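The chains carry the letters A, B, C and D, assigned in the order they are written, with residues numbered from 1 in each.
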Amino acid sequence: MTAPLNVAILGASGYTGSELVRLLARHPRAAIRALTADRKAGQAMADVFPQFAGLDLPRLVTIAELDLAGVDLVFCALPHGTTQTVIKDLFAKKPELKVVDLSADFRLTDPEAYATWYGHAHQALELQAEAAFGLVELNREAIRGARLVANPGCHSTTSILPVVPLLRAGLIDPANIVIVSSTGMSGAGRAAKEEMLFSEVSEGVHAYGVGKHRHTSELDQEFGKAAGRPSLATFTPQLIPMNRGIYANITVTLAAGATAERLHEALATTYAGEPFVQVLPFGKVPQSRHVRGSNNVQLGVIADRGPDRAIVISTLDNLVKGASGQAVQNMNLISGFPETEGLNQLAIFP
Amino acid sequence: MTAPLNVAILGASGYTGSELVRLLARHPRAAIRALTADRKAGQAMADVFPQFAGLDLPRLVTIAELDLAGVDLVFCALPHGTTQTVIKDLFAKKPELKVVDLSADFRLTDPEAYATWYGHAHQALELQAEAAFGLVELNREAIRGARLVANPGCHSTTSILPVVPLLRAGLIDPANIVIVSSTGMSGAGRAAKEEMLFSEVSEGVHAYGVGKHRHTSELDQEFGKAAGRPSLATFTPQLIPMNRGIYANITVTLAAGATAERLHEALATTYAGEPFVQVLPFGKVPQSRHVRGSNNVQLGVIADRGPDRAIVISTLDNLVKGASGQAVQNMNLISGFPETEGLNQLAIFP
Amino acid sequence: MTAPLNVAILGASGYTGSELVRLLARHPRAAIRALTADRKAGQAMADVFPQFAGLDLPRLVTIAELDLAGVDLVFCALPHGTTQTVIKDLFAKKPELKVVDLSADFRLTDPEAYATWYGHAHQALELQAEAAFGLVELNREAIRGARLVANPGCHSTTSILPVVPLLRAGLIDPANIVIVSSTGMSGAGRAAKEEMLFSEVSEGVHAYGVGKHRHTSELDQEFGKAAGRPSLATFTPQLIPMNRGIYANITVTLAAGATAERLHEALATTYAGEPFVQVLPFGKVPQSRHVRGSNNVQLGVIADRGPDRAIVISTLDNLVKGASGQAVQNMNLISGFPETEGLNQLAIFP
Amino acid sequence: MTAPLNVAILGASGYTGSELVRLLARHPRAAIRALTADRKAGQAMADVFPQFAGLDLPRLVTIAELDLAGVDLVFCALPHGTTQTVIKDLFAKKPELKVVDLSADFRLTDPEAYATWYGHAHQALELQAEAAFGLVELNREAIRGARLVANPGCHSTTSILPVVPLLRAGLIDPANIVIVSSTGMSGAGRAAKEEMLFSEVSEGVHAYGVGKHRHTSELDQEFGKAAGRPSLATFTPQLIPMNRGIYANITVTLAAGATAERLHEALATTYAGEPFVQVLPFGKVPQSRHVRGSNNVQLGVIADRGPDRAIVISTLDNLVKGASGQAVQNMNLISGFPETEGLNQLAIFP
């Protein structure tokens, strides 16, 4: 047995942090060496997440206390905005470190787009230039050699995976993409807010961030690149009463000569060899519960009754393929491990 | 006190049937005289729905046993398809009867459309010609004098209410309407089916009837009429884990010169005097939980980031304004009662 | 029409406050004259609870701004502990006021018990002596003449209603009562706390306050009074993933000569004329969903397989009969209105 | 690599069947050779459970079509009652087969108890005598050499694990055990029944099988054996709106001299070396969500306020440690594999 990869998780007291622990504690080639959580420093991880009772895990420390000496790779599961200076610091101390960042800080390659969507100038422009957009299936080669990987957003991953291949193939109109992306609650994190209380979420549904959700900027970037011209999809996220899962309902307008069947074929071909992407038979509708807890994405293509439209549906678990699972997949890739290592858990259904 | 209106409910053992009982048992001008439920005939209503324990209600009988002598108005909450012959029979026996039909049987005025969407020729064409489409706010005058009212579908009501005024005013493109309509489970009824089990519905979401849901035919009819030309909206229903509520996310393309604000204004004007329709302030996003258990509809209009699109959101309780509440509203209207009689319950939230 | 009763609601931005508005806005004899909410003062009620859009309600003010001039009765839905001085103040300003207090401050008649369970000496002892314990069905005469009514706790109401008549009749052993009381989330209020987030509550269950929940003190008081000697029930509340409902599973040991059937008979007799209490047929198991949204309580008695035990089940909606509905019932009683006025809504199921 | 253990799963279209597939498809030493499902024979497993799309699994066949030639071990996830003759047949064809039975058919060692609780004489008495009660932590040695293991019920496992050690140590009164065992819906299986519909289960709670649930017979057997005299616990299961999880709230009366702390100590000692049982610190309350999806059990002991009672809480995932996970643990044990093989998935929370 070779030495394991030593990893640290910054922001371990949030849901993406705990999900990283869930995956990495059982990963055959990684060893969790440090866990940070500024407000809960000093506590045992099992006090914060009792599902880890019995596991031998490092105690929570502050970021300031983090010792990088024995650490090869850092997962950064911190809030957007603060992350860029934290990571700059990490690389200043240890340039050979590898970092997989789960925040939004390094996802946008255009500094102006970043400033527009996030409301302030980026604080680590040189790193932004260097970061690889961590959607493995579509950007594998760029990621492989990267030191810093920007894990994409959960809504973004869900929609980019089916839409980009269709745009690359010229099969759909980039000017007429309508996405309604339903999400469970865990994507909003563990901070105590009134609108996240059980009684405010259960037995109901509501849209949020309509016309201005920040993941839209990632769609613009990736859709535009794929189409070869700007794309301005309509993107409406909505919150539904479940813990895990994103379900993107994507209505597309077919390019001249295209058919819904051709769309299906293009996706099936693109993802034929991918271990985590399953293109369902033409016309079959995915369900979010069938990917729950797994790193899988399920895609469906259904013809609309009119000749020029199709409905493309994409679903994944926002904490796994939409966040921590994808982060581990990125870790595997930049560490030279098999991409599925530690990620082959099957979905929990029911 | 004048004599009450004597009503019968056919199909009282289903969810729309029990919802009619909930509303009518407390209605100041109606008296429930008969309840039918073929498979549960002989049982007390409180055996089938224990929330009615303590209420004095007629015992369940079969339709064959129904005595029309003391009945002024019949609510028909039977499965689609069987209803048309049942109602034909009722009128044969008692032509002066009034009927509010909650099934789909009389919603489509075009017999060909009916045959296409429902797979068989209509069995009561003369009644179909006579039936009024029971969406009160948009068809009040036609309903007032009707003997037979076809209560519209729950998805249909949700989308027609906001879209038709916009089409009538020429503010949106009838050729480019994309609707994703999320619904709770109670709309599917009480029949035992595997896909309706708790474990198949909770903690997940999935679309159904994609490109072919029958409520689409009602949209075509009403949108086409309002636009003055055929409309072919893309309509995707999806099932989310809640009991009650429909939440239609409607992406519209603005007609030349229109703005999202103009759309909002048009809806606010249209529904200014309506007791059951609340147009929220411009930009505010409705939530389905805020209409739960009430006969209310809440509408919101939000600008998209691009200049030519807007998101219109409409939400209601599928068992109330989407079915039984609307049926009682129709009863009130054709009986000359105040329209809000028995329907002023406020929403249950949380 | 005589002049309405003018009411104020203190603490209108919480769930029991909004539930009072739901009931009182449709009450035929009450008029809502003031709503307070210190942190949300200045806002419209419909901003805080959008289900009230379209209703004509007073704007939220601070308690300091409250003008008692036009107010006959105050509902106090404030946090425990602060309430006693607020109410003392109210009576100092207007002694003829009537107050229904939904907090725990005046429920315990023994000041020492109060100090023990709540950790500080009571600040309004003379009022505590005066307050009536507001469980109408068991304390009607004392409440009728009261100026201050202490609305009992939701768990307490659920368990006291079935247990007290059995103790009074000497049918069960006061030393051997085991209660597991499952509750929905809305009873915990609207304050933002991590443990109340959707993801911390959905898809799971956990006990809380085991061996020390404060409602236990109300059980001790009422059970002891009914038994004529101290009772020390084991009371374990547990939180389950639903909004509304309390479901008390009460295992009792039969007194010599008693049978489960006799227990049932005693409850049926006690509650025969009560509009809000339904004793189900012997052996039938209640479900919390059958009282949801109503002021009803449903009781069941089931024989255990051994001869000396029975299971008594009691369920109600914690926000209605467990809080605001009971408060309105108390208002009706002390105002000389029919007890069911404004409270006859049937349960919402499904 | 040695040859894998070849397994067949009978009843693969139910939830315990699919859970076996989830675990065994990733088990390093097992290979799934056959899947039966009489009514769905001919279908691919991924048609019945789409979460398995992309996995290479045998097609569903009928039991009659099952070829035992290449099969070493059979998991029997069939309905109670039919199983005993099926297994008798299997052994008749292949005596050296090993069988882990997830039904109730072989759990009761006393044929009379079986007849009483199940309403008919047992059809395979000689096998019943031979079967080992498959609760590994408490019966490891007997299981190790068995050819037929009777996997215990989900409620039974949850309660037996904490109660039996306390009875063996004489710390609690066997005559006064009160269990309220809350369960999620998945334990009821996938058969379409009205009372299992989403709308009948969500947003509510109800007890079922009160005083007569069949798992009670397993408690009687194991509690009686541990106490050395008959035990007649009061056992009330209740259904709560979640998919997975059992949560047993066990109120015990302490034996003379015992304390809640001693109970805790006894459990901590008993389960000190057990990989799947975690005894939480004294006074800490378990939550079912912290074992969701894992083979873990979490136990808590909390003192009641009176001196002679304690509350013991036990929770597990009914489909894993309560069914299929325990079955795999039994498979590991009788196959000579490490007991945790294939079972080390951490809980999914949130």
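Quick note on the criterion: a contact is a pair of C-beta atoms (placed from the backbone, for glycine too) under 8 Å apart; a residue touches a chain by one contact, two chains touch by 3 or more.
If you want to know which protein each chain is, UniProt gives these names: A, B, C, D = N-acetyl-gamma-glutamyl-phosphate reductase.
The model shown is predicted, which means the values in this text are computed figures rather than measured ones.
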>> Contact counts by the stated rule: is the higher one at A-D or A-C?
In response: A-D
> Comparing centres built from CA atoms, which chain ends up most distant from subunit D?
Replying inline: B
> Just how far, in Å, is the C-alpha centre of subunit B from the one of subunit A?
Replying inline: 39
>> Rounded to a whole Å, what is the gap between the Cα centroids of subunit A and subunit D?
In response: 36
>> Can you work out the whole-Å distance between the CA centroids of subunit A and subunit C?
In response: 45
> So which bits of subunit C are touching at least two other chains?
Replying inline: 15, 185-186, 199-200, 202-203, 241-244, 286-287, 289-290, 292, 349-350
> Which bits of subunit C are touching subunit D when the two form their complex?
Replying inline: 176, 178, 180, 182, 184, 199-200, 202-208, 210-212, 216, 232, 234, 236, 238, 240-245, 247, 249, 251, 285-290, 292, 302-306, 309, 311, 313, 349-350
> For subunit C, which residues are in contact with subunit B within the complex?
Replying inline: 15, 18, 21-22, 25-26, 49-55, 185-186, 202-203, 243-244, 275, 278, 280, 286-287, 289-294, 296, 298, 319, 344-350
> For subunit A, which residues are in contact with subunit C within the complex?
Replying inline: 15, 185-186, 190-194, 196-203, 241-243
